[in-house]
Each structure stands twice: as C-alpha cells, then as structure tokens.
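Both complexes shown next keep subunit A, but they swap its partner, so subunit B is in the first and subunit C is in the second.
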Partner chain A sequence: MSMKGQLTARKLVIKVTVGLAVLLAAMSVCSFIGSEKVSLQAVLDGFGRQAAVNPDYEIFVRVRLPRIFLAAIVGAALASSGVVCQALLRNPLADPYILGVSSGAGLGAVIAVISGLNWTFIGRSPISVFAFVGALGTVWLVWFLGRLTGKFHIIGLLLAGVVVNTFFSALIMFLTLVAKSQQVYATIFWLMGNMVEENFLVLWCGAGCVVGGILVLFYIAPQLNALSFGEEDARSMGVNIGRTQLIAFGVAAFITAIAVSLSGLVGFVGLVVPHGTRLVFGPDHRKLLPLSAIVGATFLVVADTFARIVVAPAQLPVGVVTAIIGGPIFLILLIKYSRKVSWLK
Partner chain B sequence: MSWCLGGKNGDSKMSGIIEVEGLSFGYTPQSTVLKDVSFEVMPGTFLAIAGPNGAGKSTLLNLLCGMLSPRLGSIKIDGTAVESYRTEALAKKVAVVRQEFIPVFGFPVIDTVMMARTPYYSPLGFESRLDREIVAEALEATDTARFALRPLACLSAGERQRVFIARALAQNTPILLLDEPTNFLDLKHQVGIYDLLKTTQLKKGKTLVAVTHDINLAAQYCDAALLLGIDNGCQYGSAKDVFSIEQIEKVFGVKVFAGKIGQEKFFIPLGKFAKDGPQIAAKHYS
Partner chain C sequence: MNKWFWLFLAIACWMGTGFVLFGSHQETDRSNTSLSGQAERIVSMAPNLTEILFALGLEDKMVGVTFHCDYPPAALRKPKVGTFWQPNIEAVIAAKPDLVITLGFEQQRSFTERLERIGFNCLAVNVETVSELFEAIDRIGTATGKQKEANRLVSDIQKKLNELTVLVGREDKVRVLWVVQREPLRVAGRETFINEIIELAGSENAIGQTIYKYPPIGAEQVIASGAQVIIEPSMTKEEVSSQQESAIQYWNKFENLPAVMNHRIYVINGDIVSRLGPRLCEGVETIAKCIHPELFRE
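So, the complex of A and B:
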C-alpha cells in the first residue's frame, strides 16, 4: 500500500535543513535592514582591526547581529514551548504562558525593581534574573497545585494556571501602585516584550539551553503524539505518562523562562506559530517541534526587524509587531487550510 | 465464585492468560464497586463482560489494563501480576480500545494506527520497515486502508471504531480489551465490528475481552461471559450458560422475552407498555 504522507527520518532531515536555510537567509537579509545603512564592504573591512572606529562594523556586530540572534533564540523557544503546552493540555488556546510563566516573571521583575538591587549576574540585570526565577517558581507552584486536584488532571492544571496568573497579576498591579516608582513602569514596558542588544556570552548560553531543550522535547515527540489521544490511551500504548509530562512541562517552562528573562513577554509567537506550522505540516510532533522552532525563530527575526524600522528612530515593542503581522498571516493560513484540518470542525 | 473454562478437573492444568483472583475495588474507602470477583480466561477466548450501568464493567476493564490497582485480590496477565509490569512491557501484552476519543489536533488514520508501534520505535523515534508492514496489515484487516490518509474527524463513527481496532491490532498483543466497541453504531456496523473481532480471534488466536451492553451480539459471538450485578454479585461461565433468561431478568431487573431461532438465542426487554404484556415472556421461552 501507499506510504505517501508517512514521516521518515530522511524527509524530516530535508525539511529541517530547508527550514534552517530559510532562517539563515532571513537573518542575513534582516541584518542589512535598519535605520542606518550598513555596507557589507565596510563591515568586512572592520574585522581584525582595533584602532579606527568603523561605524558600519560597530552597528553590524555590536547592535544588529546580537539582536537578530536574540530574536531567533526567543522565537524558537516560545514556539516549541507553545507546541508542548498545546499538546499536553490538549487545548488549542494554550500558550507557553498559560501555566504562570508570564505573571511569575512579571512579579519577579517588579520585586527586583522595588527592592532596588543593583548587581549583575553573567551580564544579567537583577530584573531578568528575578524574572527567570519567578517564572520557574510559578510554574512549579501551578504544577504542584494541579497535582493536588489529581494525578494527570489536565483541567485542574489549567485552572490552577489561570488562578495563579490572575492572583499574581493582581499582586503586580498592587506593587506597582504602592511603589509609585518610575522604574516600575519601565519594568512593565520591558515585560511587554522587547529585543535589546545583549552581549555574546549571554546569547551563547541562552542559545545552548534553548537548543538543548528543543532536542530533549524532540526526543519525547512520539510520546507527545500518543498523549494527544488522552492519558489512558497513551498509557495503554506504552507511554510513561508521569515521566513524559514532567519532562515536557519542565523543559518547556525552562526554555520559556529563558526567553522571558532575555526579552520580556513577547506575545502571540507561542500561540500562533505552533498553529500555523501544524496547519501546514500536520500534527505529528516529530516534525512539528523542530519546524515550529525554526518558523518561530524566522518569524520573530522578521517581526523584530519591522519593530526596528517602522517608526525609526523610535522602536516598537516587538509584541505589537508579532500581533500585527502574525494575526493576518495566521488568518490566511486558517482559511486556506481549514478544509483539511479536523479540530476546526 | 470461580470457574475455569476448559481443562477443569485439575488434570493437565492449562493456565489462563488472564487470571483474576478475589478481586475487590472501590473508588472511595466506603464504596465497593467490585467484590470478590474471580475468573480465569484461557488463551484464544472471546469474553463478554455485561451488566447494568454502574456494575463496574469499565472499572474492571481499567483494572485489567493496569489503569487502576485492586484494593484486594490479584490480577495476573500471562502469569505476572499487572502492577509489576512496566508500562511499556504491558503495552506489548494488552491493547485497549476505549470509547471514542477524538484528539483535538486531527491525526490522519495511518499516523493514528502507527502510534501503536511507539514502544517499538528506534531511539530516535522513527518506525522500522517491520512496523510499517504490521500497520499495513492492520489497516488491511480492518478495511481502513482506503481512507488511511484522511483525518480521524472526517470519518463516520463506524469507520473510526475500525481505526481504533486497527491500532489495537498493530500493537500486536495477545490480549485485546474493548470498552463497548459497538456503542453508537448501526446494525450493519455492529455486526461488522463483531465479525472483525471474531475473525481476529480465530485467525490470530488473540484473547478478546469486550465490555458490552449488547447481550444478543455477545451471545452470538462470545465464548465466555461475565455478568456483573449491581449488588456486587457476578456470574462467570460459558456465554451459553450465563446468558439465560433467569440471570438476565435478575441482574438487569427487567422482564425479558427470550427466544431462539436455530441455535441463536435472543433477548428482548419488555417495558411497561409492551403490547402483549411482560407475562408473555415465560410462555414463549423454550
């Protein structure tokens, strides 16, 4: 019989390679787009020279490249974490922030600002360190509360996430109003999602963690497929539910927390990129995970480039751009592919 | 109470592939759903589990596949206690067809059936040529190959049920558990499913355990029957013995008209408004 449409390792490698090529192309093109014109010749001249200040080289290497690299890391992390959250919660509305990452990170950041700490940790400000810890701590809290309602209880977990998110958002509001500090407003702006220039050490660490996380998630992709049919079915197909859920939620929360501590709460990517990728490539997590990561990275690189240039020299929060470009693209995909997608019926 | 079909009198003791001994279970410490249930299923048997709603049929099925743990007593699959199997090892012994669950994100038929091979995937998570052959065979056997690329949600209920049976077959287990396999199906598809199940029993020598409300089909197709009562009582034996008018009237608490055409027994429940009144039942029963 015909095995058309069946996924093989070879087909996946081809798809991923093409995807990575597109991502690299997008990154290269975007690094030459911006409010300042940069010439390739001038940039190449800058390499290996210390003395003379070469503005083209400085802008390209110290400003543009790190930022594009950062957008790619954050996009990949949010998109693959979104895939996992939608799979485990079996809910099309799930995104990486649903289990409390957003409010936890926000609360952490606000506390850091209010307590007036002033130090750095591997080049990170207290805001991003506290946001990271707050995000992971909150996910742990939600997981723990969800477990109290029953083992493998998805609705309990979702409700715990919603309640904790609401409670912490209220705390953020309260602290913001009580503190009356200008800095707190700056933090809230930071939490809306912004790409800022980072040093390369931070970027390499972040990229390593995110890529490692995605590889772990890819390793449990067959189990995620089986889990789409519910815990009972997955179990009778030989999937260790507890272990799979723990790894999947743990890794998804970890890479989301990294993304949030790097760039704040960039919205929309974690919800829409998994859906868009699923509409085009199908629901098999073995391809959905790597391809979503690539699509998410490409999408955020492009979106951030728009954020840089649309109102230049001012900059838009990238979250605004992801919603403005992402929304229409997603709707077009939705209408075009809805006939072959069953969960819309 | 305990029966064993075949090999009865202690001589040449063949052991059952499923052995349930003094099984009791309740969801809360105060309630008891199953009390002291014992039975033994020989390899290659088609067993029907019947009884009124709330008698614990699905609970028993979940106990058999290790989703629940017994409060008292033991369940052995192929000589080993269910709870001492690792999840992956149990999935190589027991496949389960549950009541319909359509995933939110629609997988096509072939991917759904392929998932049965998850415990056999290579470490990188891809199926082997053997996996593909087994899946192709399961699709052929269930007559689902012609819509192998369609998403699950675009199938009729009968087609979808056949896909889930195909998935259970592709798991290549000696035991198949089914929870109301003919629920929501019309007459033609009910018979189709039972024909398919009986064929796999006879051709592959699989042991089938089906929870069912359809006593007539169960009487026609099954070898053994377990009738669970609401008051924690249970009857186990050959389908011919267990499905009798006395048992059914007692366990379900309804008047029943029982008849026989050739070798096939059938039972029709008689309600308050039955045209000839419930008393006709006894008269016509041979």
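So, the complex of A and C:
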C-alpha cells in the first residue's frame, strides 16, 4: 500500500478532532439554510419565553435543529455499520442493509401502517417501533440461518440475507397491494428514507445508543483489521473469531435498526461513505470507523439540507438526494484514488 | 474488561441524563382546546379540504394551502406549504396558523402529531367515504365558527345527490369497469369510494369482491367482467382528449367486450372524481352522464 505511515494515537486524535470540527461547521451552516428565512435575533429572543408566537424560534429550535441532529445521528450509524459489514463479509457490495435489516424494518413498518395502530412508546410511533423490532428480528433470523450452513460461513450468511431480503420484499409488495392506496403512499416515503424532526428525548437516547455502539466497534477495531484479511489469517493472529463476529454484527445491526426506526430506509450512505473514507484515509479500522461515522454524519446533514430546499416549499425524501449527490462524489473519489490503493487491484 | 465497564457506565449515565432533562418535560399540548372558536388563520393540507373551506366562505382566512390545491382557482393564489404527501412543517409554522386542517391517514397523522407537539391547533378529519365527507364538513364548520354554512352545504349536496339517484334509479344497473391504470391494468375494487360513486350513479362495479382495493387484473378477468361501460379518469384536465384516443386503441383488443362493441369508453377529468369534496355531485353527475347518456339529453 502506498499510503504507509504508522497510525499513532496523536494522529488519530488530530484527524477525529478536525473531522468533528468540519461536522459542527456543516451543521451550523445548514441550520441557517431552509425554505423559510430565520433571523438569529428572533431565535435568541425566543429563548426563555413561554407560548409567545415566534415562528422563527419555533422553526429553528423545534424543527430545524432536531432534524439536523437526527441526520447526523443516522448518518454516523449507517456509515459505521457499513464499515463493519464490509469488513466482516469481505464484500465491497455489503452495506448495513445486506443482512435483512431493510426488508425486516420495511415489513415491520408496513404492518404497523396497515394495522392502523395508534399509540406512542417514549414518543415513538408504531411505525418506528415495529421497524426496529422487524430489523433486529430479521438480522437474528439471517444470522441463525447462516449458522445452519456452517459456523463461520460468510457465503451462507450472505445468501441467507439475500433470500430473506427478497422474501420479505415480496411480502411488503403483497401487503401494499392489499392496503388502501393512501396507506401505501405513507409507506413509500418511509421506504425511501424520510427525515422529520424528533423530540429531544428521542434524539438524546438515539445519539447515546449510536455513539456508544460506535465506541464498542472502535474497541474491536484491531480484531476487525485482522478479520478483513480472512478468517485463517485472523485465527493465526489469535483473534477469537466467533466472539468478534457476534459483537460486530450485533452492534452494527443494533445501530442500523435505531437509524432505520428514526428515519426509514436512507440508502447509499452505508455503502458509499465507508468506501469513500477508505479510499481517502486507508483501510485501518481504528481510524476508518470514527472517520466514516463523522463523514457519514456530515454527508447526511448536507444531503438532508438539499432535500429540504431543492423543491421548496415542498420537500424531497432524503434517500433520493443521498443517491443523486453521493453517486457522482463517490465515482470521482474512485477514479482519483483507486490507482493508489492496492486492495482494489 | 475495564474499558467495557466504563463504556457501559457512560452510556447508562447518558441515557439517565436524557430522561432527567427531557423525560418529565411534557410537550405543550394545546390541541383540541379551542376547536369551536373562530379560527382567523387557517392552513389546509389537502385539495378537498381546501374546496370545503372555500365552499364555507373562509377564503379570506386561509393562509396556506398545498401545491395540489387548484380549485377553486383563487386557491392557486394562496401561499403554498408543501405538497399533500410531503408537507413542509417550516412553511406551516411560518404561516402562523391558529388552525391546521389535515386528513386522518398515516402520512398526515404523523404530521398532525408533530404540529401538535409544537403546540399548534390541528383538526384531523377522515374523508374516505361519502358519509365521512358530511361528517368532515360538519366538524370543519364547528371548528371555524361556520356551523350554519356547513349545515347548508351538507344539505345542498345531499339534495342534489338524491335528485341524481332518483333519476338514475329508474334505469337498469350497468356494469362499469373503472380503470385506474392501464399498464399493468388496475381497476377500482369494491372497497373504494370510487365504488360508492359508481353505485350512486346508478351502476355496479363490473369487478366483484377482491382482496386488493385496486386489484391488478388480467385479460381473462376483463372478459369475464362483461363490462358495459369503461371509465378512465385522467391525471389532469388537459389530458382528457389525448387519453380518449389512446384508450379506444388500447381497448380494441377486447373487441367482444360489450363496452368496446358499443363504443362505451369514456375518459373523464380525474380531479372531480378523485377528490371527495363539495364537487361530489358534479363527479357523480359526470359518471351518470357516461352511464345513462339518454337521461341527460334534453
């Protein structure tokens, strides 16, 4: 590899700090971009006052900021989970959804919409609760089926994921045809990935789960490095493969399920951000994980801002934007850096 | 093991802090408090709701409508707050409404909840059947202080509907195939409000009970339906004539279907029949004219 250079704690801290600064800058710039003009003065006036009619304050604090934080959380979760899936499955096409999260969550969401349930659980609608349960349940099912094919059988796991995904997608299509047309539309936007503002408790807990999950993955980054060379090599380096796989998949599925239950199926982030980050910063998971999370968060914050303003005052589902601006950026990176990086061959 | 312990402790503390900071903080809920008051600034989140509000004479009080609200034409001049499916909550807040009227199904229900969480006054109505339409007009009338106008609007619609049903009730029931889309072929099933309109117009759905609301059907079922009239709603007013030509071409392959043999294929303006609103009678009348043209000759 041409991008040699020993990774030291100091270099990592500098890179992560710079990354976080860029993320914060992007978030603050994006919070002043929107279909409605918001004056900072009016927003500051709104603090500490109760029930005064102050649209600027309401828009900025109750709608825009929560949505920007949500985008950052979801982006970080999907990107870091994508890193782990690509490392464990040793497959460049792997993304967080490959082991059935998307179809499981989609099925849960569609069932919630069709059954017309109407309650909330810690501020969450039935859609997100069902999606969360569906996502984790499906990953467990795929993991279980994969295990039946052999203990560390990556191909078995991948195929089980593909088949379960296809099967559940067919169920989703069947259910949407049975449903009333209006209900179907409601799920279509969810399936495309759609950001709305959330209340602060949900954001706070979501951020805790996702950052915590990323830290767990960071802890096992050395083992992930070993695993990405192949199981034989990893075993010879003394890595407990079963335990590493279980923790990595479990945590990746967990934070993906959180992201999906918060914002629907936002595509492309989990596939492209890990690749892009790896192309630029190299494949060492100790820096790839935190940097991917930061890049993913920044990317989704920017993409969601586009989603808010491109067709204003209407809005686009953010999943449409991630693919449209993510694709070209990724291709540029691929062409520019691929000659330098040996693993692409 | 130590680092794991500290990590989980940190996560637990973080969560605990969250519940302390935000858990007990009940969001201000001002919904349903002043729904019978005099709304001064109204936002409508659906085209048929806009039509109802205009019909109740609330034009001057409306401060926001969706992109698809194009009837009556005056609605086009109102500020836009996003589309029916993708409402823009920022634009709604900026309109400073004291009443937001939404539809009661999933996409808009969560939108309504978000607005109520911030403290806006919302009225969510279900308008999926004709009886729900009357109820919705009544509730909107109450919420906006236009009770009398609402009662009059409902009785006007009912009176006209009665006249129409009496007129077509003397005729034989005609089998109607209501085509939602041609490729792949999908038609309106029995559990739809289209079915209700078809029956009000003195005809019956050529398709029987199905599990799907808008079932995709094959050539076999088309022939078996024995449809005497085929009706296709167009997407826009402008497409009616071009779609009429392509419809005749398309349906020619079923040359033995009664509707095709007797040239009973009609393309109508989809707007007036896809919106359940004050123009319901116009829609029913348009369909009745297709089905029983002889009744409307004079």
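In this section, the second predicted complex is superposed on the first by the 338 of 345 C-alpha atoms of A that agree within 3 Å, B and C clash if a C-alpha of one lies under 4 Å from a C-alpha of the other, contacts with A are read in each partner's own complex, and residues count from 1 in each chain.
Simple rule for what comes next: a residue touches a chain if its C-beta (ideal position, glycine included) is under 8 Å from a C-beta of that chain, and two chains touch if they have at least 3 such contacts.
These figures come from a predicted structure and were not determined experimentally.
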| item | value |
| --- | --- |
| Fit or clash between subunit C and subunit B when superposed on subunit A | fit |
| Which of subunit B and subunit C A:222 touches, first, second, both or neither | first |
| Partner chain in contact with A:278 - subunit B first, subunit C second, else both or neither | first |
| Contacts of A:177 with subunit B and subunit C, given as first, second, both or neither | second |
| Touching partner for A:63 - first (subunit B), second (subunit C), both, neither | second |
| Which of subunit B and subunit C A:8 touches, first, second, both or neither | first |
| Partner chain(s) touched by A:45 [first = subunit B, second = subunit C, both, neither] | neither |
| First, second, both or neither for A:185, with subunit B first and subunit C second | second |
| Distance of closest approach, subunit C and subunit B, by C-alpha atoms in Å | 7 |
| Interface residues of subunit A shared between complexes with subunit B and subunit C | 219 |
| Of all residues in subunit C, those that touch subunit A in their complex | 3-4, 7-8, 10-11, 14-15, 17-19, 21-23, 25, 27-28, 67, 80-83, 85-91, 93-94, 96, 105-107, 109-110, 113-114, 117-119, 128, 211-214, 216 |
| Of subunit A, residues touching subunit C in the complex | 34-36, 51, 53, 55, 58-59, 62-64, 113, 118, 125, 127, 177-183, 185-187, 189, 196-197, 199-201, 204-205, 208-209, 212, 215-216, 219, 308, 312-317 |
| Interface residues, subunit B side, partner subunit A - complex | 62, 65-67, 87-88, 90-92, 94-96, 98, 101-108, 110-112, 114-116, 118-119, 121, 124-126, 132, 136, 139-140, 145, 148-149, 151-154, 171 |
| Contact footprint of subunit B on subunit A as seen in their complex | 1-9, 86-87, 90-92, 218-219, 221-223, 225-226, 228-230, 232-233, 235-241, 278, 282-284, 286, 340-343, 345 |
